[in-house]
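Accompanying notes for the structure given below.
Note that the chains take the letters A, B, C, D and E in the order they are written out, and that residue 1 is the start of every chain.
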């Protein structure tokens, strides 16, 4: 049997088995999930033949599946992150209700992503895209929180994006007579400008929506923070990358090569704006989940910028960042999930000082944060370096400033995140907190190890990226295992930096631990005497409250402008319109009869112009 | 004369139909609406028969009196159709009136404006 | 072949309906069983006939021994056979569903089954007949049985709904009769094939007036925009299985009549543009109204109108792709909407108020019904891998082929609205806590069986649409090829 | 205001439709169509003197089957619409609210009743010869019953008998049609399989006469049933079951 | 058509129009129903004059007697007068 079909069958079968397993009992279900989580990546890495293709004709549409290097690159994200998240989920979701639905949807979204990345035609791309969308919708509203607000918002935006794609697809089919991606790419040059823009922008709309680019990001914070964290790591890490995947081939493959880089530039600008605004929003979040959600949006903004610029280096930077983002956001969401499960809250004004209680979680988060912030020894630095370099060589200095501003501001929320949850004073109410179960810790640790290794040897990833970029029309992309050489001829050896930093860091840590234990005294954060002023019990005086108050005051004018508001107003307006329109069904049977007669009169009066006799 | 009858009969038929339609569309009383529908039907039936009529035709019956003679007969097809239509109209009227009785029992009124529990 | 004659589709239900009171006198349970046997039998012979149909050679049945155009004829072609098979299949499932309905407060089953059987016979008659006046008679049969079925339940506003339906329906039958009369006076025949030949010579102004009258008369059962005021009321007040039959049979025979008249019988320039506009208006008003409904059945009814609008748009392209898409949508709408209505029957029966917000947490207390509803909702909004997706995709491809890009945009925008209101319900069913104690009515075994069959069809066609695409293509060719229809009915006549 | 608009609308409709019908002048024989065939075949082949009857019962017999069905349907629908659960009737016989008619009316009705029945029967038996047929005869029979129902408060229709008549008459029609599938020359539904006889004979026209008799019984029973249902509607006023 | 028939027809048409008006406009429903009955009666005469005896008979049997009686029953069961 064809290995690609078998892969899809394994995932779908796994979904069904997990569903029924969990319907029977939790232990059986968990074991099934665990086995499935192991089998999928093992099968993918060892058995899947990437040269194989499947082609079939359904309902008159020719479908074709087969990997290319670009799809394979993204598949790696899915195949590494998703099983880890599944294993994590076993621990995280323990004793929750409706587990059968959870794992079923989880595996189906993996099925969707896997399918997207091997689709060579638009129909199967769309099918898998929709499967991914509805399964993730079920997970977004899984806890039943804000079903009306967040869930519907997610579904509306997803549907808008998907249908924009669908419209592009049928227009492409009308123009090329084929549903194949490859035919579209070859025929693109011959389209009229309108068709080029219409199809390209509609496709971009769909993809950009999934990767939460600025005006289309409003679904993301709520969706990311309401979803069970076990899935959010995949959601933000892998699923949003499907948007990047699509943007890659639309922007780079079509517009950048068709001398229409203006489209890509617009996208890049949107990405940069997204990055800045989302970073600022992230800084002022008190809920760690929300913080990470905004941070995700910001990171995706960088990636989109990289893709949008569309030069060799920028695309490479974007893709590298995409892979790193999958890893570190995966870890961070898992860590928040662990905190949520163990401490019962993710509010950074409530939870604090968990570093001693949950050291492994802290370690993993720390590594991830370092990678995220782009601090030298880890991969984030390399990626950002490449991004800056590509922007500078391309002459987009304003964008450099924006990205730089955003990256710097990112330190603020990184610090807030680490401090809020793990550092600071530990309150007595968290005395009982224990480290999360190994099922949850091991995936985090594995991912952070991956981050460390790629920090020292970025080439491990760059190799695949370079291979993947051949499908985007960039051949002979140069890369080195551990040395980065820039346009101006300077080179940096990461191996050495990494080792040096690690040594210093470890030494400092040991020193700190030793000193910290010696000299710390315990004071309750809630026992503060204020001169002459009465403190009400509900006043929370922990450090994490109003963490960046002065900064917030400065940024107030920017933050006041909330795009969400406009969407809400628009939605309300639509609802009012709908309410108005349905009044034509007055409930009076006679009125309906009058409609019939009116219609007859209209047709008779205009019969000449309608029928043109 | 022919023309007068054309417009006279067609006109009457249409007039009855429009009267019926008017009652069905404007009158508020349920029974009146059904009366309107019935008048509408009457006009329609008249139209059918009038369209089927052929000048100086006889009824389409080969009674012993006409067998073998060369007579013009009126078009029997509209007559057959209108037979069916009359019976169907009667059936619809009966159902409509039964519904009126039901509505009256529920709402204690026969004003169609007051019977709109189902709307929007 | 005597045993598989299309006339059985009509004669047998009629005979059974006439005799049903006698069966009831002999042995009471026969009232429930006999209709089932009849439905099973006609479903069997329709499948048998349809699957063995020779392409291009429809079964043309003369009645009373007179060849068309003198006698009435029935045409069991690829298109009409497809619709008939769909109707008989659904009829059987509706019977399966309502067989045991008495257990959940269902009285007076004799009259129910009589009316249901006549509804089925009427719908089939509309589809099969080759005579325009006979079509009117069968339309009236479907209409009157629908009035009876709509008003079936007491203690609801069912009489109100039925009266509205009746008022509009009577107007429609007047217009159809006027159109038939005008047509007869022009061509001197009532046979559709012969009309099709002779109608070419009718004065275009006259033809357009006839077309307008037909459009209004037939548009009512096809749920076209300004004439669909009865739909939400009737669908929400009728018993659940009846609403399913309305969606699956009444609306289908309505759209069939519309399509047959405008494709085969009466070719009028511009009628398809009109159909396109009306279809679009139908979609917009229906889906927007559905969005703000608080009652489940009304929401489904409006959604049903929207689907019918989509079907009209598909047929208005006057291309093969359009017809194919339209047929696919018809199939989907019949199967999926029936499933939704059948499932909603038990959901609304348990929530006395029938409000959507009372459905919170029903996924837990009525797992099977909720699952079926969810599946139907996924399918109807066109999510893969359910059959609804292929219909929508084909529809959009057909639209694009007609270069109507703005229609694509419109259909998709409206589809977003559709997604919203269906997913709101799913969200309530599954992801909310039950907030009100309700008296739960579990579905009976036969209801479960009926819903399962529909669900299997939806998933089966969704995963492998080629199960039906062949038949749809054949039906498309049949409908598109007017000349061969005429030739098959009237071998001695031909176009021009 | 609404009235004025609607009158305007009706005027527009009248204008267009009248102009459409004006092209088919009254009394003109414009078309060569199926009617000539019917006028030729009915007396010569079918031996049915009344062409309308032969069209209604033979050429377009399927329509008539539909028509009978519509009446049956109306009666069933009426029954289901006005049906009440037994428990609410609480064992009482349904009572008609109409007051007892005067002795004169009662006697008159008693005298006229058999004649009406006979007239009706005559009309549907001679349906293929003279004007009228099953529908008209059936309706007249029903009128006779109506007379009795209105005159006598205690005149109750035997529902059992009604059911039997309905069922047997209706199924006779369909079964005769189905027999055509087996015995007739072309094996068509509703095709005549009996000898045609001689024009203007009572026993002519093959199955047409039989069908019309069946239709007569059916229609008579159906309409009587409808009247009975409507007449036994109970007291006026709000129905507790409805609210 | 003979002259007598034409004159009869014309008179009938006039009666039809008047009765139609009466049926639609009269507030007393019983009167309106009687008017519809008159319409049927006159209509059946017109049918007869137009050489349609079958239709005339049907209209007479159904329109004059049966239709009228079911209307009257309904009016008795509801309200006699159309309210303003």
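In this text, a contact is a pair of C-beta atoms (placed from the backbone, for glycine too) under 8 Å apart; a residue touches a chain by one contact, two chains touch by 3 or more.
Small disclaimer: the values here were computed from a predicted structure and weren't measured.
**Student:** With a step meaning a move to a chain it touches, how many steps does the shortest path from subunit A to subunit C take?
**Tutor:** 1
**Student:** Spell out the chains that contact subunit B while also contacting subunit E.
**Tutor:** Touches both subunit B and subunit E: D.
**Student:** If you walk from chain to touching chain, how few steps can bring you from subunit B to subunit D?
**Tutor:** Between subunit B and subunit D, the shortest chain-hopping route counts 1.
**Student:** Whose Cα centre is nearest the centre of all Cα atoms in view?
**Tutor:** It is chain C that sits nearest the middle.
**Student:** Counting C-beta pairs in contact, which comes out ahead: B-C or A-B?
**Tutor:** B-C
**Student:** Which one of the chains is farthest from subunit B, going by Cα centres?
**Tutor:** So the chain farthest away from subunit B turns out to be A.
**Student:** Measuring between Cα centroids, which chain is at the maximum distance from subunit D?
**Tutor:** Taking each chain's C-alpha mean as its centre, the farthest from subunit D is A.
**Student:** Starting from the mean Cα coordinates of subunit A and subunit D, work out the distance between those two points in Å.
**Tutor:** 72
**Student:** Per the centroid of Cα atoms for each chain, what is the distance between subunit D and subunit E, given in Å?
**Tutor:** Here the centre of subunit E sits 19 Å away from the centre of subunit D.
**Student:** Using mean CA coordinates as chain centres, what's the gap between subunit A and subunit E in Å?
**Tutor:** Distance between chain centres, rounded to whole Å: 77 Å.
**Student:** How big is the gap, in whole Å, between where the Cα atoms of subunit C centre and where those of subunit D centre?
**Tutor:** 29
**Student:** If you look at subunit A, which of its residues touch at least two other chains?
**Tutor:** 582, 585, 587, 589-590, 593-594, 597-598, 600, 604, 607, in rising order.
**Student:** Of all residues in subunit C, which are in touch with two or more distinct other chains?
**Tutor:** Residues 133, 137, 140, 144, 147-148, 151, 159-160, 162-164, 167, 171, 178, 184-185, 190, 205, 209, 232-233, 289, 292.
**Student:** Out of subunit E, which residues touch more than one other chain, so two or more?
**Tutor:** 52-55, 58, 62, 66, 70, 73-74, 77-78
**Student:** Mind giving me all the chain pairs that touch?
**Tutor:** A-B, A-C, A-D, B-C, B-D, B-E, C-D, D-E
**Student:** Okay, in this complex, where on subunit D does subunit C touch?
**Tutor:** It comes out as residues 16-17, 20-21, 23-24, 30-35, 37-38, 41, 58-63, 65-67, 69-70, 72-74, 76-81, 83, 85, 160, 163-164, 166-167, 170-171, 174-175, 177-178, 180-182, 184-192, 239, 241-243.
**Student:** What part of subunit A is in contact with subunit B in the complex they form?
**Tutor:** Against subunit B, the touching part of subunit A is residues 582-583, 585-590, 593-594, 597.
**Student:** Which of the residues in subunit C end up touching subunit A in this complex?
**Tutor:** For subunit C paired with subunit A, touching residues are 160, 163-164, 167-168, 171-172, 175, 204-205, 207-209, 211-213, 215-216, 220, 226-227, 229-230, 232-233, 268-271, 273-274, 284-285, 288-289, 291-292, 378, 383-385, 389-390, 393-394, 396-397, 399-401, 403, 405, 408-409, 412-413, 415-417, 419-420, 423-424, 427-428, 430-433, 464-466, 469.
**Student:** Okay, in this complex, where on subunit B does subunit A touch?
**Tutor:** Touch residues, subunit B against subunit A: 21, 24-26, 28, 33, 112-113, 115-120.
**Student:** Can you tell me which positions in subunit B touch subunit C when the two form their complex?
**Tutor:** 17, 21, 24, 30, 33, 37, 40-41, 44, 47-48, 51, 77-78, 81, 84-85, 88, 91-92, 95-96, 99-100, 102-103, 106, 115-118, 120
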